[in-house]
Each structure stands twice: as C-alpha cells, then as structure tokens.
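Heads up, the next two complexes both have chain A, just with different partners, chain B and then chain C.
Right after this comes the complex of A and B.
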C-alpha cells in the first residue's frame, strides 16, 4: 500500500532526502528502515526517522531482550486477596505495583543512567534520579525512598575518582533537593567498569489502590496536556545514545546530556498528585523520559488503543526556532503528558497555575490509532502508534559460550599451586580486605545523601538492608529494601552469578527481619550483537528467573541497559536486583551490629570452603578466576525460613550475611556498631581444607547471628529440626580485640585498627590534596 | 596583569538558577524580563605579559578546571598586560 507523502516540513533542514548515512546515524539497520517504510506505506520524513530511531532503540523497545524477559514470573503465587497481589505487572506501565494490605500498595522500579553518567557524571546521575522518581509518581504514588546501585573502575585511577565524586554529588543534589531520602545502595569497584560506570537508581512510592493511574490515552476528543518544564534542545536523542557503545567519539555526543532541576520536580510531584487526587479528572498520565514527547504520546495512544494528534506550536519552549525533530526528540527534564477528561480543562489549568508550572493543551485523543504531529499547522509525522511500540522489531540474538569460561571454571587453588595462607599471611589479609573499596564502609558516599528526610528511615545506610517506616493513612508498615549483584560471579558463571545476586539479596532482607515480597531488576550488559555478551545476558536472565520462581518473588518491573562497553571491552555482566521485603512487626527489625557483651556468635550454613571469584583472590593474588560459589536453593530456603522464624521468636540480637570478603570480614563488620565490642572466636573446630577458603572464601548460604546465652539451646535445637547447620563459634566481649583461634594458631587484631581501615579507606582515597 | 574568566551555562542548557533569579526579579516588579542567565567570574592576577603560550595555557585551564565544557561556555579578558 502506498500512502500519500507528507507535505514539506516548515523547517527546510528537515526536508533533506533520507540517505543510507542518515539511517546509519540514527542507529537503524537497512532492514529496519525497510520495515519503517512498510509501516508507513511511504518513505519517512526526517522527523519520523528520528521518532522511529528512538522508539526502536533497546532503551525503549527492548528489541534484543523482550523474548528473554518473558521468562520472568510476574505474579506472586502465594498472594492472597488481602496481601501480596501484583496490581500492575512488569511491562504494562511505567512501574509495577504490589498490594501491601489494608487497601494500600507500593510502586517501585529501578532504572539505569549509565551512559549519561559516563559523559557528565553529576548531571547524568542527577537526571537518572529525577527520571525514576517521575516513573513512580506518574503511577499515582508518592515517592518515599530512593536507593542506588553503582559500579566504578578501581578507585586508584583519577578518572574513577572524578566519576565517583560527580555521580555521588549528582544523586545527593537531586535526591536531597527533591526531599526523598536515599536509604540504601550498593557499590562495587572493578576494572571492568573503567570508563563505563553503572548508575542504577531506584524509587519506591506508596499509594492507595484507588489512586493507581495508567499511562493510557482513551476517550475520543479528550484533551492532551503537556505539563511541567519547558522544552529545550537538551538530551537530543538520549535514548538512541544510550543504545550505543561508548567510544572516544562519545565526547562529541556531549549535548545529549540533560540537566535536571529538582525544585521543579518537587513542584511537579505535588501538582500531579494534587491533580490525580481529583476524582475523574485524569484519564491517563505518563512522564516524558527517554525520547520525551515522542515516547509519551505513542505509548499512551498504543496502550489505550487510540490515536493522538498534537500541535507543536502549543508546546512550551525554552528556546526560539526549534523544529519538529528537536521538539519531538528533546529530553528536557521534569515534563509529563496528561490526558484529561473533556470539559474539565480549567480544573487542571488551575492546579498547575497554583504550582507555577506550564499546563498546555497540546492535542486531542483520536480514534485513528495514529500519532499525528503538526507544526505550524503542517503534518510533520503521521505514524501508526503500535508500529512504534508493540510492533517494534524483536530479535533472537545468537548466544555463544565465551571461551574464557573453560579456563576459569576449571581453575582450582590446588591445580594452580596456590599456596595456602600461613599465620602471618592470614593476619595481614584481614585489614587489607577491609580496606578494599568494594568491602570498606561506604560512609563517604552515603553521608552525602539525606537519608532521614520524610522521617521514615529506621535502619540507616550501612547495615544489611535499609528499613523504612511507611505511613499509610492511619497505619504504619515497615519495609526493607536491598540491592545486590556481584559482577565478578556473573563473569565467572553468568547463570549462577545471577542466582547468587538474588539469593544474597533475599538473605540480606531476611537478616533484617523481612519477608521478601517482589523485585525489580536492572540488566547491565555489553553489546548484544556479540554472541558472547548475549550468552551472558541470556544465562543471567534465566538464573534470575529461576530464583524468582523458586522463592516466589515476582518481577514487577525493570530496565535493560546494553552496550555497556568501553574501548577495553564489555563490563562484567551485572544483573542488579533490588528486592523489597515486608516486616510484620517493628520488633522484628534486625541489624548487623553486635549488641551485647557475653552473647554468642553462631555461624549458620557451615564452614566456607570455596575461593572462586572471591575478593581475596582478586586483592591478594590478582586473580579473577575460578567458578562462582555453589548455590543450593533448597538449603538457602531452609536457612532463610529458619532465620526468619528465629528472628520472630525474638532470639536473634543481630544477623549479618557472609558476602564479599568472607567469614572474618563478616565478623569484623558485626563489631563496627556503636557498642565497641570485641570478640573471641574459635574456628579450630570447623573443618575446611584450606585456611584461606575458611577465613576469606565466599561460600553462599552463610549467616552470622548473635544469640543471648539463654537462647542458645533453643536456637540450636530449631536449627537441627530445620536441617540448618549451626555452629557456635565465639563470644562477644567488652574488649578491644578480635581474637580468632584456628588450627594453625591464634590471630589477634585491635578492633579499632580494623575499623579504621574499613571506615576511612574510601575517604582516604577521595581526599583532595591541599584540603584538610 | 589581570585575567577575567567568564563562565556561563551553554545557551541550550537549562539554567535553573537563572530561572529562579528571573522569577525573583519579576516578583520585585521588573517588567518585560525576557531571560536571565547566571554564570560566574573568576579573576586571576598573573605576572608576565600576554602571549599565545599564555592564552593556550589559560584555554586549557578553562576547559579542564574553571568550566565544565559539557554544559558551560567560557571566555576571558586580559587587561594590563
């Protein structure tokens, strides 16, 4: 079918013929361009080419990952009519929503802003926070907390320091100004992220079931409003840009970085929530994130099974002389698209006038199924809405197992003649590991964040998971939230690494006294066109899905960030997971810090035995090899159920899961609370073939708990009933030392020395010369 | 010799500070305001004379330290050289 050509665009620049170079510059393949022509029944205008280019990018269309993501469970099997139902599923809307009982629900989602942060760390990270907050309040929810998941290169390079400084300051600036607390996070430093940092930001909001709003355009003749900040030439083509590898040329992509205004966002939050609280006023609402006006119009039209017509002359503009291509693709921040009930235009205009924000009537809902854009009255784009969304191309990419896996998975300490630690080596290793930026206290980072605003934060950053009190009408509920993903494990064994990310995250929540509820994931990978990268992606997604199904933790939303590569190669695969848990009673909230002298230290799960992928191997032997630690899902489930049971019985004073750095790092971290305790530990009864694996290995499914002497017998008896290995390994003391008896002799450290290594490592690295 | 470096937000970049100051000016009664941009001035006092070498050094310092070339423009004036 041949459709009529569009009239010439008012801006002559946009009437140039579409050449193969232009198509390539827009990131479209020749066959994709042919599909565009088929959808339109003619050749596209340049404006339309730009629109297709952003909507068919990985960032918007998930064209390389959609078939994989279908494997995620999106519903909770154990949900009841009163609790735990998924009210809005992953992929349906801007964020998923899950029922937390009494007519209340939470909306949460994580999203990446990796590429903008690599180019301009401060604004890139800040607008990442702004974008994810909009994804939450567009659902009708009030944002109550933020977390972030960051990955950088090793902290010894000046480039990494600049990125870390900028990203943290950007997150702090936006979050602190907008008044939403940053309550938790995770940060890893590894060479593979050099020059391609990962900045994943999460927002969680609360709402009543009847406040849920959808991004749907329905109702013929309903007016379409543009609200919020004016449109400028910022972030042109950001979504397409996020789907390209970073190269030396990226610095010339610089105008693609947007700048945010958190005070504007705060006004927008309040105005939108006020408007949505008026019954029947808002038909649909969506934020303008990546691909701005383009994405919000075609997605709302496509979801509503309707069409939309807009006139760009009505769009508030910050700069004169913008053409249709620029207005449609601009990624100016703090803007939303709202579909209003016909006849009630004045009501919405009054709300936005009160908050000093633009509310412009830019268009109308139609029944044509087409997105029609006019500029100065001339049609500049006319596209079937579904061609941009549901009918975007989908690819099944080739996956090939990377060759390096044969070498790394065959590695064993014995096979490579790795000498075990002697007493002096074992002693020297602990402070060294505690000072590794990946393990060390992240105080330098989180002290820049306002984690107390809104008054709900119960467990501050620095413990296993953040815990927040939600005020829901007249009632209060407690949730815990935690992010996790060790990219090193995912590099060595993608499927198992992803499993570990999930089970460790769940274990962290359980250690805080929470029952895991639902998760959101951010898949950060390299270029999917390279079969080795796609293999990692596929295996990781399958690993996550397996863990989600096993633990009945549905995925309620997420984000995919591909093309995370720098000239050195792809990043370690990093499927970051973030799980929200529910805490029944305030008394169940548990922290990782030991509380009382005389209480006992119990190790659950047995002695660690593996070295593969450990921080120890990396820091002491310079190796990133071996297989990722084994995961026993049944054992993990038994452990977590048992631990939660003991916490609810009030027998657990503190709980801390073993992760990076292993047993001694875990014990040390328990001593770094406010009580200034020491501990006397005896590991000589634990069987392990190697001292390094016992002390510093990272075997999964291990938790340290502090138990009062009077509860010890009950804790042990229940453990044996639940078939969970439990070993009393020491006693907390009112002393200044940590002493550990082993089969090769006794190790002693001053707790204050360990603490100072752990606490000030990042601060020392980030100190600026000449500033005290 | 005095060097005055002017750093301003790029024309295409949002300037929230400028917008806020503009709002305040209007509320204090300034009529007909079309736009407000806020930047900064860095004053340097340096021994020596104006030279191409000095200018290329100043340019480098402006790009690397005094301005953020991703979102800011700069220019400078040299007086008394």
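Right after this comes the complex of A and C.
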C-alpha cells in the first residue's frame, strides 16, 4: 500500500532529501533502507530515518544475535507451583520475573554501558546504573540491590587508572544517592580491555505477583503520560553509538553520552511505585532508556497490538527550539512513559505533584497499530509500530574459527619446555599472584559503594557471593547473587569458557548455601561482522545455553553489547553471567572465611592439574595460552549437590571455590577474615604432579571447605557415596603462618604479609599523594 | 513514646531508621513527609540519612528550608528529642540546631565500612552504660569530615558535647569527632548509622544501645528494658 507523503516538518532542517550519505551516517545498510521504504510505502522523513536507525541498531533490535539467543532455556523444568516459576520470560518485557513463593517475586536484569563509559567513565557508568534500575521498577518492583561486572586494561596504565577511578565514582554517585545497595561484583584486569572497558550493571527488585506491570499500550483512547525529567539534547542517538566500534574519533561522540541525575531517579522510583500501588490506575509503563521516547512508544504499542499518537509540544523540554528528530532520539535520563486508565488522569497527576515531578499528557492509545508523532500539530512521523520492533531485520552472520585457536589449544607446558617451579619459585609466586589486581581484594572499589543501605545486606562484598535478606511484607527471605566470567578462558576456548562462567557462578552460589534459581547474561563481544568474532559469540552462547539446560537454570533476560573493539582489536569474549540463588534457611548462609582453630581443611574435587589460561601463566611467564580448564558437567553437578547437602546438614564452617590463582590463593583467601587464623597444609599426599599446576593451576570443579574435626568422618562418608573426591589437606591454626608441605619441600609465609599484598594492592596503585 | 522519621525528597535511610525503632526496639514509629508543618505527638524526631534534595548546593542546605523543619526547630526549643543520622546530621548542622559543618571526606571518596567508635562522657544526655566503651557502627558517606572553628571546638569539648569519636579516623574529622549533641543535650547528630546495626546479621547490634541512649534522656526506663 502506497502511503501518503508527510507534510513538511515545522523545522526546515528536517526537510532535506534522504541521501546515501545520510543513510550511511545513520548506520543503515542500503538494503535496510529499502526495507524501511517498503514498511512505509514511501521514502522516510529525516525524523523517521532517525527513528528506524536507533530501533534497528543492535542495541535495540538484537539483529545479529536474536537467532542465537533462541537457544537459551527460558523456563525452569523443576519449578514447583509455589517456587521458581518464571512469571515473566526473557524478551517479553524490560526484565524477567521469578516466583519466590508466598505470592512474592523478584525481577532482575543486567545491562551494559560499555561505550559511554569508555568515553566519559563517570557519567557513562552512572547512567548505566540508572538505566538498569528503571528496567526493574518499571516492572512494578522495588529495587533492593545492585551488582556490577567490570573489565579494564592492566592497572599499570594511567588510562586504566583514570577509567577505573571514573567508573567506580560514577557507580557510587548514582547507586549511593538513589539508595540501592551495591552488594557484589566482579572485576578483571586484562590488556584486551584497554581502551574498551566493560561496565555491566545489574539490578534486582522485589514485588508481589499482583504488582507485576507490563510495557503494553492497550485500551483505545487511554491517555499516554510522560513522567520524570525534561528532555534535552543529551544522549542523541546513544543506542546507535553503542552499536559501532570505538575509534580515535569516538571522543567527538561525547554528546551521545547521557548525564544522570540520581536524585531525580529516586523521586521517580517513589512516585512510580506509589502510582502503581493504586489499583487499576496504570495500564502499562515503560522507561525511556536507549532510543528514549521512540523506543518506549513503539514498543508499548507493538506489545499491546495497538497504536500510539503523541504530540511533541506536550513533552517537557529543558532546551528551547528542539525539533522532532531531537525530541524523539534524545536519551535524556530519568523519564518514563505511562499508559493510564482513561478518566483517571487526575490521580496520576496528583501523585507526581506530590513528588514535584512532571506528568505530561502527551498522547493517546489508538487502534491503528501505528506510531504517529505530531509536532506543532503537524504529523512528522507515521510508522507501523511492529516495523520498528518485531519486524526489524534479523541476520545470520558468518562464523569462522579464529586461526589462533590451533596454536593456543595445542599448547602444553611440556611441549613448550616450561620449567616447573622450584621451592623458591613456588614461595615467591603466592604473594605475587595475591597482588595481581584481578585476584587482589577489591576493597578500594566496594568501600566507595554504599553496600549496606536498606539494612538487608547479610554477606558483605568480598566473599564468594553477596547475600541479602529480603523483607517481603511481614516475612523475610534470603537470596545470594554472583556475577562471573573469565574472558581469558573464553578467548582460549569460547564454548568451554562460557560453560565455566556459568558453572563457576553456580558453584559460588552453592558455596554460599544457595540453590541457583535463574540467570541473566550480558554478552560483551567484538564486531559481529568479523566472522572470527561471530564464532566466539556463537560458541559462547551455545556454551551458556548448554550449562543452563544441564543445571535447569533458566535465562530470564539480558543484554548484548557488540562492537567492543579498540584500534588494538576486539576484547576477549566476555559472556558475563549473573545468577540469583535462594537460601532456604538463614543458618545455611556460608562465607569463605575460616572460623575456628583446630578445624580441618578439605579439598573437594581432586588436585588441580591444568595450567592453561591461568593467571599464573600470565603473570609469571607472560603467556595467555593453553586450552581453558576442562569442565565435567556430571562431576560438577555431583559436587554442587553434595556440598549443598553438607551445608544444610550444618557440617560446613566455611566454603570457598577455587578460581583465579588456584589452590594456594584459595587457601590464603580463607585466612583473610576477621579471625586472623593460620593454617598447616600438607599436599605431599596428592601425588607427584607438576608443582605449578598443583599450586597455581585453575582446574575447575574444586572447592575448599572448613570442617569441624567431629564432622570429618560424616563429610568423608557422604563424599564417597556421592562420588565426590574429598581430601583432608590441612588444619586451621591459631598461628601467624601458612605452611604448606609439598613433595619438593615445605613452603612458609606470614599470613599478615600475604594479606597485605592482597588487601592493599589496588589501593597502592590508586593512591593519590597527599590525600587521607 | 512516639517516634517520627522524617522523609525528604531523596531520603534513603528512612526505612532503615524506621525499622531500627519499630522492629529493633518495638516502639510506635511513623513516617512524616517533609511538607507537613506539625510533628503531631512525636517524642523523638529522627532525621534520616540519604541525599535530601540530591545534596545539591551542599549536603542538607536545601532540606533545612523544608516546611517540616520549622516544627522540628520548635520541638527542639521545647526540649524535644531530635536525632540526625548521616545526612540528618548534616541537615541539623545546616539548620543551626547543631554546631559545626560536615565537608568532603579527606580521601575525596565515599566510604562505606564498619568503624570502631569510642563513646565519650557527654553529660547526662548520652552516657549511662556506654561511656568509655567501644561500639561498632557502619558508616556510609562522602561528606562526613566534621569541621568547626577553634572556639567552637573548645566549647564542644568543655561542655562534653562530643558523643562518639572514631577509633581510626576514616574521613579526616577534626578530633576524630563522629557525633555530637547540642548544649542543652536534646539534639543529637552522628555520621555513623545505628540504623545499620540492629539486625542479628548486621556487623553489630550496637545501634540498639545508641538508640536507647538517645531516648534515655526523656525515658530513663528504656535502659532497664535492655538490662
């Protein structure tokens, strides 16, 4: 059907003809432009071209990843009628929702703000936090916790220090002010992220089942409201900006970075939750995040099978003379679109007046299926809503196995003549690894985050997983949350690296006493048009999906961030996962820190034997090679089921998963609690293995547990029944030393020295002279 | 005994303070919106932590002009109890109900951690069982660096108006001051959070003792309950 041409736009600048240059500048391919014309039945106006360009960007449309993401399980097979059911599935709404029983649910999601943070770390990270919080309260949930997952280049670079300082300050600025505690996180430092840091932020909220809200526009004639901050020219085209590679010219994209106002967000949270608590008032609600007013109108219309008409004159604006292109594409923060039940306009206006916020009646729900935008009364855009959402282009990209994998996966320590550690080398390595920023204490970071507000934080940052008490009406429940992803493993073996990210995350939750419930993922990769990058993406997604299916942990939502490249190349593939676990009883909450002198140290899962991809290889030999450590899903499942069983029987005083740095780093970290214990360890019975692999290798499926002597026999007997290798390797002592007997001699360290290396390494690097 | 917890736009520890008194001490507690001009029957007014008005201009500088602050001032002048925690302390200083000011931490960074604090001999208002003991309370602030001129400091010390001092100064505060009272002894302000130290899983439960100490000036019996 040939549609009528639009009348001239009130702003003459927007009436210029659409040229191939303009199309290219909007990031659309010529064939995509042809599709735009087919959807419209005519050529688009410049405003419409801008609208298509942001909605068809990777950030909004997942056009290169949608087919891959279909492989994720989105429901829990083992859910019961009262617990663990997925109430809102991945892709349906702004965030997924899981039933936690008694009529209560949790909503959670992770999202990236990588590109803005690379250009302007403070505001980039701050608005990343703001955006993900809006995704949660738009579902009707009160935000109760935040986590973040950060990746930077090596900390010896001044650029990295500037980015780290800015990102942490930005997250702190926003999260602290808005009053949602940042309870957990993970941070890695690796050369591959130099110039393209990753900033992924997660928010989790709680709500009753009957409070679940959807981003749907329904009900012919229902008024459409715009609430929150006024619209400015900031963040123009941010979604499109996030969908290209960073280059030397990227800093000229600074207007595409938004500026956040956490105070406004706090008011918006309270006002929106107050409004949503009024029965029947809100028909639909969606935040204006990426692609702002454009995305929220066409997505709510598309989900509701309806149309929306809006008049831009009614949109609160903080700059004079903005044209329709600017208003529609602005990514000004702290704004929401609300569809209200007709006839109840006064009620919403009263709530927002109480909070001194804008509530502007900008439009109406129609039955045309079209998004119609007027400015000064003139139609400036008229587009079928589904053309922007469900009917956005989808591509199956070419995948090609990168050539480097032949070399790295064939590497062995023997083959390359790597000399094993001698006694002195083994001794010197431990403090060195503990001081690696990736392994060292992240105290410098998390002490800048308010991790205690809302008074529900049970396990503070620094243990295997964050644990939070949720106050749900008059009852309370405990959940654990953890992020994970070792990009180095994913670089060396994408599929296995993704499997490891998932199983290690689950292992961390189990170590905290939690049963894993559901996962949200943030896929951070390079340019998908390069077949080698797409191979990594595809393999990682398949690895994650396999682990999710195996462990019956559904994916309830997530985010894709592609084009993470700097002039030096793509980042290591980083499919960050974040899993929420449920803790049945408060007594099951377990920390990583040893508690009692005289108790025994037991290694579950067997002696580590692999060196590939380890921090040791990187730090000591300057190598990023080998295959990622092996994953045995059956063995992992047995280990996790067994450990959770032992925790529930009250036999585990402390539990700590072995990860970066391996066995000795893991043992040391157990000693860094408040009890100031030492330990006497004997590894000489574990066979004649390579010392470097035994002490510092990163074989998977290993956990250290602290057990009281009286429980040792039962713990061993159950391990044998569950076919889980369990070896008593030492005793915690009221002493100042860690001593480790090995087949090549005994190693000794003062725990205080190890602790100082671990605790103050990042602080030392970030120290600013003259400040207290 | 009635507790009122103020709510300014941007308050975010209002629920924490509410639960310290309501759940922790089991006292009748309610919220009071900043646009109210009367406190009703409140015996203790709690000015909670957070970022009132986004802490724009200066922490607490805008909140002091909220309508409810007139009633708080009258309440204080009549000898009523007022407790300001964190941003609440900053607001009370801005309002002139407590002396001194709180500026940016000397590290120029926000600090969230648990601190050991020494309880000072602070006259009849805030001592009884706590004096000389250490309490452990969390802090969470970017601007808790207490400042006052020499004469003011001299007055604070000679009047025994210092309630709490940091054992290990986290923010550069003058004389490690973490909390003070007014000369009359009925208005209290502190940067540490008793409202983050009362649940069984908190780093300590010392917030309960601090809350009782504040109430004990008017309600001495509350100390018996904890005996």
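The rule we apply is simple: the second predicted complex is superposed on the first by the 766 of 772 C-alpha atoms of A that agree within 3 Å, B and C clash if a C-alpha of one lies under 4 Å from a C-alpha of the other, contacts with A are read in each partner's own complex, and residues count from 1 in each chain.
The rule we apply is simple: contacts are C-beta pairs under 8 Å (C-beta built on N, C-alpha and C of every residue); 3 or more make two chains touch, one makes a residue touch a chain.
Worth saying up front: this structure is predicted, and the values here are computed from it rather than measured.
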Chain B and chain C placed together on chain A: clash or fit? fit
With chain A at the apex, the angle to the CA centres of chain B and chain C, rounded to a multiple of 10 degrees, reads 60
What is the contact status of A:266 with respect to chain B (first) and chain C (second): first, second, both, or neither?
second
Going by the contact rule set out at the top, does A:319 touch chain B (first), chain C (second), both, or neither?
first
- request: Please work out whether A:12 is in contact with chain B alone, chain C alone, both, or neither, and reply first, second, both or neither.
  value: neither
For A:232, select first, second, both or neither according to whether it touches chain B, chain C, the two together, or no partner.
-> first
Partner touching more residues of chain A, chain B vs chain C, is chain C
TODO: Using the touch definition from the top, say if A:123 reaches chain B (first), chain C (second), both or neither.
DONE: first
Which of chain B and chain C A:179 touches, first, second, both or neither: second
Check whether A:355 is in contact with chain B, with chain C, with both or with neither, and answer first, second, both or neither.
second
Tell me the contact category for A:20 with respect to chain B and chain C: first, second, both or neither. neither
Overlay on A puts the nearest Cα atoms of chain B and chain C apart, in Å, by 5
Chain B and chain C footprints on chain A meet at residues 261, 263-264, 356
Seen from chain B, its contact residues with chain A in the complex are 11-14, 16, 19-20, 23, 68-71
Residue set of chain C touching chain A in the complex reads 9-10, 12-13, 15-16, 19, 49-51, 53-56, 106-113, 138, 140, 142, 172, 193, 195-196, 198-199, 201-203
Within the complex, chain B is touched by chain A residues 119-120, 123, 229, 232-234, 254-255, 257-261, 263-264, 318-319, 332-333, 356
Chain C partner, complex, touching residues on chain A are 169, 172, 176-179, 261-264, 266-267, 355-356, 446-455, 458, 460, 469, 586, 589, 768, 771-772
